[in-house]
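Both complexes shown next keep chain A, but they swap its partner, so chain B is in the first and chain C is in the second.
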Partner chain A sequence: MAGCFVQKRIQKEILTLKNSPPPGMKLCDDSLSSPGQFMVEVKGAEGTLFAGEEFKLLFKFGQSYPFDSPQVTFVGNQIPVHPHVYSNGHICLSILTEDWSPALSAESVCLSIISMLSSCSEKKRPPDNAFYIRTCSKNPKNTKWWFHDDKV
Partner chain B sequence: MEPSTDQPGTSHSTTNPISDGSGENNGQFECNICLDTAKDAVISYCGHLFCWPCLHQWLETKPNRQECPVCKAGIGKDKVVPLYGRGSTNNQDPREKLPPRPQAQRPEAENRNPGFPGLNFGDGSFQMSFGIGAFPFGFFGTLFNINDGRPRPPPFGGAQYQDEQMLSRVFLWVAVILMFWLFFL
Partner chain C sequence: MTREIYFERLGASEEQWLSVKPGEKITFGRSVTNRIRLYSEFVSREHAVIEQTNGNIYITDLKSLNGIHVNEVKIKTNIKHQLKVGDKVEIGKPLDCEEWKHLKLCDRFVYEVKEDEVNNLLKRPVMAKVHKSLFSVKQHQERTKMVGIKRKQENVEVASTKPELINILHQPKTEVKLITNNDVSDQDKDVKTQEEKPQHPNGVLLNDNYVAFVKNSTFRKLTRLEKQLEMQREESAKEKQNLEDEFRRRENMLKSELLKYEQLAKENNDTNTKDQLVRKEAELSNLLKEMKEKEKLENEKVAKNEELLRDKEQQLRDEMMKEKVLAQQREKDAAMAAQREAEELAKKHVVGKLEEELQCIICSELFVKSTTLNCSHTFCQFCIDGWLKKKNKVCPVCRAEVTSRNHSLVLDNYIEAAIAEMSPELQERRKMLITERKNAEAALKDPPKPIRKRKRKR
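Let's look at the complex of A and B:
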């Protein structure tokens, strides 16, 4: 039962992103070939430090989605320089791990990330970037994140 | 939120349980977890609609943090109200249905095997214990074993005496070899 309803829910999210994408988001059609994952292009909001920049977010959905959060990372050449984004694309955002709720969706995650980028006041990498990218696992969900800064 | 259509009449169609996201029934009666029309619907005190199986699975996922997935208000089996529509065939409380009470369990019967107590092959696991007891007391026990009910040693020089000496040496060597094997291999 669980398996088919997961696929159905992911299909619904894809349809919503395709048919009525919120401003600043675009589903990458060429990323739909592999099941259980897709890419969304997000634009930095106007009037912020990231205005005019475009980034790609890769969503990977596990078997226990939506009860467990998807794996979300920035991919491609453009990784935003932000105090909560590591240069390998990993994002330190509480809703991606412990604050996840099944009522959230790919769309609301994108919105949170755009909002996180928008409230940035200084473009810089996290202080432990060099150490983290050397030691971290490929899956950001294996990282034990420590959420401390709710301003940016 | 999907843009609302200006045809309110289409929203009560029951022939279309799977909305394709085109905004036909506005997602008003969709479960907040599976995004499908809520089956065995329950509504939280905070007003959010779920399928009971979906909500139940979420409550199982986070047993020590039971929050509404939408607004993070407190939620639980006793904090939701079942919803009975006109079209529903049976008015059984959904909370009593699908994932009902916890499954009954069948624990393994306790093994009261009167055989050798240290070796227990019965339940698939192999256990063996090896101990040296309370060392000094055992030691004194062997030193001062006066009148402990054992037969007296055979007289010196007899055939039985020879045999026992020989046996005792054999066991000594077996013990030495065993110790060697235990500590050095």
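Let's look at the complex of A and C:
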């Protein structure tokens, strides 16, 4: 079973996040109850536009993980206002789709997202936000992303 | 006036005498059974016998080791040698012994054949039963310790150690070390320093030191015991000597009285004197009987004591052996425990390293069928194949385009060998994992163009 196959891998990722999380990241213990998914609390880095803000990222691991990327979205009341983050929590990040590699992990995804937030110079929604949230599927992985300019 | 031929020991403090009656055999030797016991290791157990036949005195060498010298000439063994008045007889003079020449007469066993009137003789004490040599006694003490060591080394009985003894005396610097009192105290020091030495974490004294410690403590007990044995021997010899001296004095007194009465009886021929003579004779024979009895008792006592001490000695030796075996066993156990510990540690270390270095980044398991790409990054065959079925044919780590993938047999063998050293649970888990992969591979046995299919599905 593919689920069986990824067991150790996901377990190890959870352990790493639990025991030695990178700064600004915290695994939500109460999110571990449902299998195949967990939540991570992310803090905006000091000295950036998101300093002092806290967001929740939901990781969902499919049957083909880690060959396929996990499904990662911001959840809860706090969705960062960012040109690559839609108001429904979907994130436009290449490593979550085209550039995914099984060598990446939940931790490296979190780090990428923090770095994405940190490099933001202006708090605003993507220009197509209104259209996107009306038309997109629930799973951001089904979106054919037209990647925004990386230098936002 | 009757004259009598007698023997006198030269160098003795008193002019003691010993005469030989017709038919009487007077034996000389080291063992207790001799009439005259010569207390020296240069004297054989049964060394010489003196007897009188037809008024002639003869001495015979009973095949002794160091022989008998008459007027400085060694006599033949096992043949009666006639002695005449004025002869000087030496018993137990070792051959080629330089030291011997410088010894005082009292430390040698030299007897002169003399003749004197019986009346004169009776005024003097009879020859003592035990003759000592200061030289011999000193050497003898060392010998006892020596023999102790020898016996320990070779497990031989002391019974006839004559040849060794001569060697020891003549070449004091042979490989066998004489143990003097100084040596013993040195050993005490050794023991102390060893006790101060660090102990093994398991509480066992380190190797040789421990054995040496045990050996030394028991060895000291042994030395003490041997000293005790020696002292006891000396003591009983002294006691016997005293006992005998007293008897001799009484015997002499009776004899002289007897002689007096004999003469009186001859002169007067009166019955009263004769009665007294008979009484005195009876008294004398009683005395002799009593003496023999006492001597027998004393001998028995000594023999019993010696046996007791020997038993104790044997016991100590057995104990020493047991202690040694025990110490060796303990040493072995400690060494084995240490080795096991080291192995365990090494195993843990290897396993830890293995987990770090030989883990597939895709599945977080130790590689199953390790497969190395052209970029040198390695994955499980199942994992990398699963990834390469996707549209991106790039290395998950470095994103280099995949042009080749090779199976790494060395890695596989190494991992299998390492897993064989792990706990049974881990081995079981590994087995399950491999079967799982096999099944999964079989299920996906259509690798050529899966990418397009999946695309269409999307």
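The rule we apply is simple: the second predicted complex is superposed on the first by the 148 of 152 C-alpha atoms of A that agree within 3 Å, B and C clash if a C-alpha of one lies under 4 Å from a C-alpha of the other, contacts with A are read in each partner's own complex, and residues count from 1 in each chain.
We adopt the following convention: contacts are C-beta pairs under 8 Å (C-beta built on N, C-alpha and C of every residue); 3 or more make two chains touch, one makes a residue touch a chain.
Because the structure is a prediction, the values reported are computed rather than measured.
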A:S119 touches, of chain B and chain C: first, second, both or neither? neither
Contacts of A:S20 with chain B and chain C, given as first, second, both or neither: first
Touching partner for A:P66 - first (chain B), second (chain C), both, neither: both
Which of chain B and chain C A:A103 touches, first, second, both or neither: both
Contacts of A:K12 with chain B and chain C, given as first, second, both or neither: both
Partner chain(s) touched by A:N88 [first = chain B, second = chain C, both, neither]: neither
Per-residue touch tally on chain A - higher for chain B or for chain C: B
Doubly contacted residues of chain A, that is, touched by chain B and again by chain C: 1-2, 5, 8-9, 12, 66-67, 101-104
Residues of chain A defined as touching chain C within the complex: 1-2, 4-6, 8-9, 11-12, 66-67, 101-104
Chain A to chain B touching residues, read off their complex: 1-2, 5, 8-9, 12-13, 15-16, 19-20, 64, 66-68, 101-105
Residues on chain C engaged by chain A in the complex (per definition of touch): 361-365, 383, 386-387, 389-390, 394, 396-397, 399, 436-437, 440
Residues of chain B that touch chain A when the two form their complex: 2-3, 18, 20-23, 32-36, 48, 53-54, 57-58, 61, 67, 69-70, 72
